[in-house]
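Shared chain: chain A. Partners: chain B in the first complex, chain C in the second.
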Partner chain A sequence: MIGVQGWLPQAVSFLTALALVSAFAALSFRTLHLVVRAYAAQSVLLGLAALAVGLHKPAWHITALALLTIGFKGFGIPWFLFKVMEDVKIRREAAPFIGYPASLLGGVGLTLVSYAAVRPVMTDSFAGRGLALGLTIMLLGLWLMVGRKKAVTQVVGLLIVDNGLFVAALSTSFSMPMIVELGLLFDLLVGVTVLGLLIFRIQSTFASIDTDRLTRLRG
Partner chain B sequence: MNGCAMTAACWFQPLLLLLLAPLIQGCARKLKACLQNRTGASVLQPYWDLLKNLRKEEVLSETASPVMRAAPYAAFSATFLACFLVPVLFTASPLGFAGDMIALVYLLALPRFFMALAGLDAGSAFGGMGSSREMMISSAAEPALVMVLFSAAVRAGSTGASETAAALAAGGPSVLGPGLALGFIALFLVALAECGRLPVDNPATHLELTMVHEAMILEHSGRSLALLELASSLKLTLFLTLLANLFIPWGMAGGTEPGAAALSAVAFLLKLGALVVTLSVVETSTAKLRLFRVPDFLGIAFVLALLGLLSEGILRLGL
Partner chain C sequence: MNLLPASAACLALGTLACLLLRRSPVAARSASLGAALLGSGLMLAASAACLAGDAGQAMVLPGPLGAAGFSFRLDPFSALFCGLVSCIALAASVYGLSYASGYDEKAAALGAFYDLFLLAMALVPAADNAFSFLFAWEAMTLSSFFLVTLDHEKASSRRAGYLYFVMSQAGTALIFASFLILWRAAGSLEFAAFRLAGPALPAGAKSAVFLLALAGFGLKAGTVPLHIWLPYAHPAAPSHVSALMSGVMIKTGIYGILLTALGFLGGGPAWWGGLVLGLGAVSSVLGVLYALMEHDLKRLLAFHSVENIGIILMGLGAGMLFSSFELPELALAAYAAGLYHTVNHAVFKSLLFLGAGSVLKAVGTRDMEKMGGLIKNMPATALCFLVGSMAISALPPLNGFMSEWLTFQSLLSGFGLESAAGRLGTLTAAACLALTGGLAAACFVKAFGVTFLALPRSEEALKAVESPAFELWAMAGLAGSCLLLGIMPGPVLRLMHAGLAPLLPAYPLAETPDLAAVGILGTVHPAVLLGMLAGLAAAAWLAVRLYAGPARVRRAPTWACGMPGLTPRMEYTSTAFSKPIRLMFAFLYKPSREIRRERMDQPYFPGAIHYSTEITYVIRERLYRPSVRTMLRGAHLVRGLQAGSVNLYLGYLCATVTLLLIFLIGRAR
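And then the complex of A and B:
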């Protein structure tokens, strides 16, 4: 993003940094509700960042997309996940693969890794930072997916990866073209619905949503 | 502006904190009571409690050594001395030349050391339990506190509290960045642990299984108790002042012009009020953590402070 002036870079970097904090929050919470809330907060923050870009430019399609993101990722998906959790009656992540302090410190390590990786191509400071931040959020999402057992948390990890993509796209190229973003949102809708059904299936077959039980054979 | 007025105004700052401390505590209690649909005691109640305790006779355990007698004085004077290192209304602080924020951290550790000793000294089971818990919490809280203060210090290029506050206050809206937000959250979490607030310790309870701070001072009475209570409310005020002046740095006066000073006083009281409200809401809406979860809680603070430090300083990531 060459030639951005005024309050925009500051506002966007502040909001995206808070999005990073919510990714760390998702890593640190034990209660599944709070993990989903952290995702919702992250989506709203990113929606606000996109809204700032849209209003500053001004570009109607970014504004519309920002509002869609807030409504869809900030409220729609979390609502669906809450419903799923209500039905499978799972509330907490009992024994994660990676403990909580270790996963937080690992998260800091991933932050450093992604900044080190982006540094050589960091030509424009704003875009470079955004790319690094997007990469960090993606890695944190993956980290959440590999570290936890519950299927719900792993779904949230996947959604956080998508949010990381959103950050990278927003800060490097003023977000993706409308059609791509709409496609992504639609994909996410289908994906979350399918994963929600899958969680029901895992629950009904194994009486648990711990994904490590999937390795057992079950007729 | 003349040097004399500046010096006088500077020396007035710690006294202001000392006078405000019981009021801050009273306000926090009253707000919590209101949020819980209770009437609550008057906001001035901590002052009356202090006066009552100062007039009362002191009862000491038979096993108590001089450490127990000296601890309240040591704890109070170290906490009060720490107040001389932080900027309150003006960016200058009276003893800022003598110690920086690292000294501040250790001045805050000193009372804890004496209180833990006194807790063990009285010979009651609760005191020892409280001391060991407090040590465990503080060993997790201190690295996070140092990291937070460093994250503020790297922006100013100095570990002095006054220089840091001055640099941040002069920065205007441009200091509003990721580092500030991360540092604020981290210091808030550390303050909850250091001042024995929920979700780490419940300041209102004397329930044997959960108390930490209250268990340590259980055996103190009379003047000693008054001093310890005053020290703990002073510590809370000190942390809120640090939060207000390092992480919401706008509105502080650089000099002692009456206009700027008045504006600074209004800004300071508003910031303090907002922080007390936040504290009460957080305390009302969270449940106490299990003791062994506390290091995890402080781990979050540490990680946030580390990210703040990275984003502002060493790597200039500018997250």
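And then the complex of A and C:
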């Protein structure tokens, strides 16, 4: 963004780059606990980036949002997912749809595609980098959902897509409008709760949370 | 005085009142029919005022933020159709006062959709911009869909409703497409802008607009081959609704065709007229041929609607043909004949449907093979039905004769056309019309004879009672109109000319149309014909009286070759009556029959013999079934994509996003 000076761009770049690393981590972990932890770490990093923006401006509503994000996405949702996993007693992703090395390689490919796609569109290097990063994280979240069978992993994939959106918004315009961000948080709350309930239903119906059992969704 | 808003408000309030009064069937029924009577009366007054020269019958509700709003305005052409709708609605509502009590467990639904249907149907011709037109059009389709599926417990009603819904939506899509082309040219949704932009369109676009509108409106009108919904949907509704659907709803299709072809596009090349003429000829012949094979009284009438729409289209097609050859007087006569038949068909077809409704209520079945002998218990109903049958069979001095005769005359004057194809086309159409007239008469001999004459074929038919007074009044009013419209063609034609004035601004619309001047031959005033007929009958009666003395009445059983025990089972049935036609047209019907004997061990004394015969509906088998099959085969091919795996679906999503991004990269380079 024009007019942003000093330490802020570097801090935001650093934190969001770490968020990308945590997205790759989520792609590579085999234990469900670690996948959820990777998501929690990513959320906290993004919250810190937003906090930096809020303190730099300074703007109280971005600060409040950053704290809310850290609390809600970094701790609340992971806690809920841990609870769900405890109840359904599932720990590992035994047989993923796409193997781990292939997942990582695919992730690298998607990263290249999104960087290449963003470059001609964005002239501002900082915002362009941020947008590319956000797009990459979104695609990686989607890729995680494609490659895994466990419902919990797929929920985490969806949450990572949301985080990617957050990165894109943060780095191109330095925060979304308050109302949009609050709406997104509320959406997540409802979405995760519903998905959690859905996981219970899948577990009780199929004695497993592998989504490849859900093959009736066809004409 | 501007009566249009009052009428619309009346019908809308009737709809609301029915929904509020759903607890009490009697209250809902009274509210619905009261509002319908009042609203239709006001609409009729508004139409009459407009035809008398009052251009102020309008209703405009502006839309939000400069978007197109509702705009309804009557001009003489739309007033003609509005008036027709409200006349038939009045008759149907009077009839409903007693008939609708048979539907009391669904009184609120019937009442609400009935009023909504009337409102929408009256507003379709009144619409003054594309948005209002399509809105009213869809409201008309949807409310009639709910009326068709009122008996939703019956699988046949649900299937009829589904077919009707699917076909109507397809038709509406075509009309949308046609209006969108006009909208792009006009830059506005107002019909006034369409009228300016339409004639200036390039020839290709003009033809596209015309063809789309012809298919879309023709579907609603029930022209072959888009008629397949009509014989199922119309009989499924309550009879007074069937009367409205067959009598006037399908006429909105005729309105649409005329509005687009003449009003918006200002006429077109000769092949437009030829196409309409051909469609009309095919519809009329096929409609009456299939009607002959029906034993379901209401479905028989529904097939006759296809036939009569064909006759109307023949008149209009001939008019368009003459227009393109610059023969304004002839064209005008043909258009007026088409519109005249539109009015006549509305009157006699609703009369017949109302009569069929009374019969259906008395006997409890639509199967003609279980009726018979009803003339003894229901003489007034039988008389009204007879008048309707004679009118639809084009017998003088009733109205059907007048308009079919005018159509016939204008087709025959096609012999003077310069183009050989035009001459051949009009003469072939005239031959088709003659064939249709003959077959229609045969069909109504069957319909009336099997239903009302001879001995009752079932217990219910034996115990039938005369229809209640309201039903008789409604039918008697329509039967009287059949006679009036038949013996007073002069005022009616003047009305048609007044209605055609906005469509054909350049034409010599005479105050009193002189048919002899345009080469229509053999002009005899129908009132003279009626007088001659009455005189001949009186002379014959006198002669018989003088020759044979006073009439002696002797009542005796029918002679049965000396064998005792003549039962109703030995009567001429509807199937038997139509057998010669079935054999003559076997190439079309492809009939199949099945004879099954029980107890074959004694060859000379068989037990029961079961006989059943079926015909093939060529259009359904040759046109619709293969295309549906092809579509399903295509769907099976594509179905492999839908494997049921969530991961695969997510993969599609991911691949799409990635491909779009790559496309973006390619674009940026």
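We take it that the second predicted complex is superposed on the first by the 215 of 219 C-alpha atoms of A that agree within 3 Å, B and C clash if a C-alpha of one lies under 4 Å from a C-alpha of the other, contacts with A are read in each partner's own complex, and residues count from 1 in each chain.
Operating definition for what follows: contacts are C-beta pairs under 8 Å (C-beta built on N, C-alpha and C of every residue); 3 or more make two chains touch, one makes a residue touch a chain.
Keep in mind the model is a prediction, meaning the values are calculated, not measured.
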Combined model on chain A where chain B meets chain C, clash or fit: fit
Which partner chains sit in contact with A:101 here, chain B, chain C, both or neither? Use first/second/both/neither. first
Calculate the angle at chain A, using C-alpha centres, between the directions toward chain B and chain C; round to the nearest 10 degrees. 150
Please work out whether A:145 is in contact with chain B alone, chain C alone, both, or neither, and reply first, second, both or neither. second
In the overlay, answer first, second, both or neither for which of chain B and chain C A:117 touches. second
May I ask you to decide whether A:50 touches chain B, chain C, both, or neither, giving the answer as first, second, both or neither? neither
In the overlaid three-chain picture, find the nearest pair of C-alpha atoms across chain B and chain C and give that distance in Å. 15
Kindly list the residues of chain A that each of chain B and chain C touches, one partner per complex. none
For chain B, which residues are in contact with chain A within the complex? 174, 176-178, 181-182, 185, 295-296, 299-300, 303-304, 306-307, 310-311, 315, 317-319
What residues of chain C sit close enough to touch chain A in their complex? 635, 639, 642-647, 649-651, 653-654, 657-658, 661-662, 664-665, 668-669
Chain A residues within the chain B interface of the complex: 10, 13-14, 16-18, 20-21, 24, 28, 100-101, 104-105, 107-108, 111-112, 115, 125, 129, 132-133
Residue ranges of chain A touching chain C (in the complex, touch as defined): 97, 110, 113-114, 116-117, 120-121, 135, 139, 142-143, 145-149, 154, 211-212, 214-219
